[in-house]
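As written, the chains take the letters A, B and C, and residue 1 is the first residue of each chain.
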Amino acid sequence: MSKLSISHSEGIATVSINNPPSNVITSDLINEVNAFVLSLKYDRDTKIVVFKSLHPLFFLAHLDLHVINGTTAGQAASIEFNHMITNIKAMKQLSVAVVDGVARGGGDEFVMACDLAYATENAAFAQPEIHVNIPTGGQGAVQYARRMGKNKALQALLLGNDFTAQQAEALNIITQYVPKSEMDEFLAQVLGVIAQLEIRNILMYKEIIAASIIDEDAGAELELRYFLERAKENKTQAIIDAFIKHGGQTDREAKDIQGIFVDTAAELAKSFNG
Amino acid sequence: MSKLSISHSEGIATVSINNPPSNVITSDLINEVNAFVLSLKYDRDTKIVVFKSLHPLFFLAHLDLHVINGTTAGQAASIEFNHMITNIKAMKQLSVAVVDGVARGGGDEFVMACDLAYATENAAFAQPEIHVNIPTGGQGAVQYARRMGKNKALQALLLGNDFTAQQAEALNIITQYVPKSEMDEFLAQVLGVIAQLEIRNILMYKEIIAASIIDEDAGAELELRYFLERAKENKTQAIIDAFIKHGGQTDREAKDIQGIFVDTAAELAKSFNG
Amino acid sequence: MSKLSISHSEGIATVSINNPPSNVITSDLINEVNAFVLSLKYDRDTKIVVFKSLHPLFFLAHLDLHVINGTTAGQAASIEFNHMITNIKAMKQLSVAVVDGVARGGGDEFVMACDLAYATENAAFAQPEIHVNIPTGGQGAVQYARRMGKNKALQALLLGNDFTAQQAEALNIITQYVPKSEMDEFLAQVLGVIAQLEIRNILMYKEIIAASIIDEDAGAELELRYFLERAKENKTQAIIDAFIKHGGQTDREAKDIQGIFVDTAAELAKSFNG
């Protein structure tokens, strides 16, 4: 794989995208991303996948304009691009886009296909397709509609204007704006917490959330079923016992629940090693 | 009932929760809340139920960890807790949580089960269950998904981090942040307006809103049906006549519609007494 | 038509509403709006319809209180009002409300029926119907529920309080707050961009958005179908060729995509004239 450099560390795969000269989403890149994402299906070690760009200006510019045409090859490549979006959305791992440059069109759609997205002051997000006589092709309009409501979505799609990271956060295009100077520390903290979870926990919450968005009652039923099953596990009892031993269910919780969790983890590590 | 002190005044029941030492949601408290909420079904005088805490630090800490296990009693208590959430959601009265302390896990779910929620600078909201090997069990994940969207919900559920009242307002966990120093006056004003409505009005709008969330067209149809029925009532005509007499449909409305409503109420009280 | 003055310019119809003394939504006005909106069905020149008010205080005060009653005429007029709302929502043109005054009840519902809404510091939005013993009758409660969520909607409908333009933007009642001093320039810029699109583009995005709100997967399928069809058009190829010629898919895009679009348009105009 030449356009993706992938490194692994403590359950986190970091995928750096490099497709010169302008990080356009070409067929080659689509094929590499699809191959990588599909390979994760049977990966038991990777919990989190972080997508970054090595380009100084672009996260991902957009879908290669050379495939947007009526040729058999063009139509097939466009469909592969669309599949890439649905493949990313279907990942069992937590997918995270870290955006420090421009993400328009398919680049914006790539970002929204990820579970979480963090972006800096160098980021820009847009769906300007309509000015090239086409609609969005990777769920851009779908996601805008569902994330910002009919009216703001329609305005954004007809204008095709750029949004800053702060605007994108307010409009739910991304999860959070993070200044570039704080991004590394922010990611270390957030991903450090999540990487300690079992991957089935990530999956469970993705599943409950997806069900709840479609049907509130169905989501509630699924959630309760998981709750009752999980309550029965020995692991749950071990954590709860240690948590209570270190101040759970007392006033210590009010101001120092993190401290209780730290002591709980230490207690559990001790029992495990002892 | 020993954990709930309930006072009644002008259609408003104020429920103060006191379950020492840390306002944990124990089986006893669940049973008392369920009994009280179910007793309201045939209550014709109570329009609004306000839930407060007497604890200096906690609104409600969370579900009692001693019932989160595989025992018959534990599973039954967890289900009763879940029923408490659905019972609160199904109340015909307007339910209002006033939060001046920590509300995590089941406490946060209790807050979201209420129709309205106001919180101070002392409040904290979180769903940290995943760090105890369980998902939320009282619709916490369901509500997060529907209120803040997939991405922000997933981040909040995997991190389990606290939110301030201002953050909780922005994420639709609560209705509004209100500084503690202004809370009493704020509640007197807001609940004073709502307590003057008939309880069927509260119910009608809850019903239209619930229908509209599921299906826009069905909500619109239900709304129009209610509108046409209500337009026929003598009460409607009496209010409209007094409203017009005092400046309704003139420029006075633009800057002083509240004054017209005050004059209208005085006019109606006079006719009623006269 | 005496209550609407309509001017046409470059694909934009500007409708100025003038119904003295207080821009109440009377049966006459409803009939004029309905006739105009239905006439647009076969209009091939008008892409955008802008609704403004000529009244110094009111955008639209609310539905005429004289039709809110149990008479046959009153009920028929109320239903016509409701149809006006659904007719506006069903327009193929882009509908835009420009609000520089009070819009309560039916006025607020008129604003929310439009695709886009911009409002100044003189605007006020409210659904105070419940204080006249009726619910909203033009999808006010439906729209509040879907735009601001159950809790904030219920509070707003039971209180009936005014919202400023900034608050209305945050609650998705309108698209954007624009200071009055900047409104003309803002509209010229925004509508200037949109008026250059074909009307089928506006329709296509309205359709994809409507489908996506109801069902994410159905929206995605529809979007992809449109994308593949549009990719085949000669117009698409001509724009893409000119776009690439002027720096598309290079680093120029990062900071100057607008410049590329300007050069692209000039190139296309040249070929067309040449």
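Here is the rule we use: a contact is a pair of C-beta atoms (placed from the backbone, for glycine too) under 8 Å apart; a residue touches a chain by one contact, two chains touch by 3 or more.
Just so we're on the same page, UniProt names per chain: A, B, C = Enoyl-CoA hydratase/isomerase.
The structure presented is a predicted model; accordingly, all values stated were derived computationally and were not measured.
It takes 120 degrees of rotation, in steps of 5, to superpose the Cα atoms of subunit A onto those of subunit C.
Shared numbers divided by all numbers used gives the overlap of an interface; between subunit B and subunit C this overlap falls below half, so the copies present different residues. Rounded to a whole number, the gap between the C-alpha centres of subunit B and subunit C is 33 angstrom. Listed for subunit B are residues 146, 213, each touching two or more other chains. Per the touch definition, subunit A reaches subunit C in the complex via residues 21-22, 24, 57-58, 61, 64-65, 68-70, 74-75, 78-79, 82, 86, 101-102, 104, 128, 130-137, 139-142, 144-146, 149-155, 157-159, 162, 213. The touching residues of subunit A, counted against subunit B in their complex, run 94, 115-117, 146-147, 172, 174-176, 190, 193-194, 197, 201-202, 204-206, 208-210, 212-213, 216, 219-220, 223-224, 226-228, 230-233, 235-237, 239-240, 243-244, 248-251, 253-255, 257, 261.
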